[in-house]
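Think of it as A, B and C in the order they're written, each chain with its own count starting at 1.
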């Protein structure tokens, strides 16, 4: 019951709503009760759960995170130049967990699950682990 | 074993210590060994685990998060005007997990579980999911 | 299956790669499928999963977090003077979960599990809880 999603991103900062993919994966397992762990195996991308109704929320969050963790900084040492992406990944978190009840994800009305690219464009993967009972 | 707590907040920034409520919920289930997932279904509030001994810690954390993620910003686009609350919710996280051992939450000496309101006052809910064995 | 690691840190800001210790603990349990929860019972330290290849990543992240959450601030009230460490611990998170598949941690190529000291030097502990099946 380890399921791996394949994603590709087209910009440096790009959040992709993967809620439907997580729902599809859950249904394929017939688990009725438990949790799903959504895990990003990358160090310059993360997973968050937040509003997916107004896209301006994501735009605003990306904008302010970019100001708090700027791409260029006179004291960054890391040769790849993507320290900011590591900082953002650590801040949003590299995994999230969602409760499963009656075979459904228990998400709030305005919540969606986002893959957060901070160093794209790239090909990426997301692992889903479902813990529970049928 | 999905338990939902009802909370109400009276200020824009208000952290409520819900450790006792989580403990009560755990005891009602008789689970001896596992984890409890504490999940916030809202996008402008979160859950964190931190010091509940000196209330100045929470005050200081709220103050500095307010400076890092200001309520007003010339570049925010989101019409509701609460982008800062989304940023804070993403930073602290919208769920936490606590280990259960011998029927007890394994919290550190100074740790409490907080519901973090960032856009109150509101009525809110918190979901608890207990995964484990009796 | 609650395993406690003992650590000691020698600087105020010090991240220790505990991936090998988590792997050793997992192998001692013979669990083949599930998740491991890595939990920090302290309020001025945390757990993150990020790059362990180039040590400059950790140095850069520590440097920028120190700027965003400065040690001294005219408005901090907390008498112990370590509010910044609480802010950093809340930001990185006080626990992480890693998927177990075929008896192995499912970590990305560049990912390591770090204990993040923000108020050292101190003696510290980390709890590991393994949820799963043999």
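Everything below uses one rule, namely that contacts are C-beta pairs under 8 Å (C-beta built on N, C-alpha and C of every residue); 3 or more make two chains touch, one makes a residue touch a chain.
Computed from a predicted model, the values in this text were never measured in an experiment.
Taken pairwise by the contact criterion, the protein chains are fully connected, each one touching every other. Rounded to a multiple of 5, the C-alpha superposition of subunit A onto subunit B involves a rotation of 120 degrees. Subunit C has its Cα centroid 20 Å from the Cα centroid of subunit A. Shared contact sites, meaning residues of subunit A that touch two or more other chains, fall at 68, 91, 93, 97, 131.
Every residue of subunit A that touches subunit C in the complex is listed here, in rising order: 1-2, 37, 39-43, 68-69, 73, 75-80, 83, 86-87, 89-91, 93-95, 97, 127, 129, 131. By the touch criterion given at the top, residues 33-35, 48-51, 54, 56-57, 59-61, 63-65, 68, 91-93, 96-99, 101, 106-111, 131-132 of subunit C touch subunit A in their complex.
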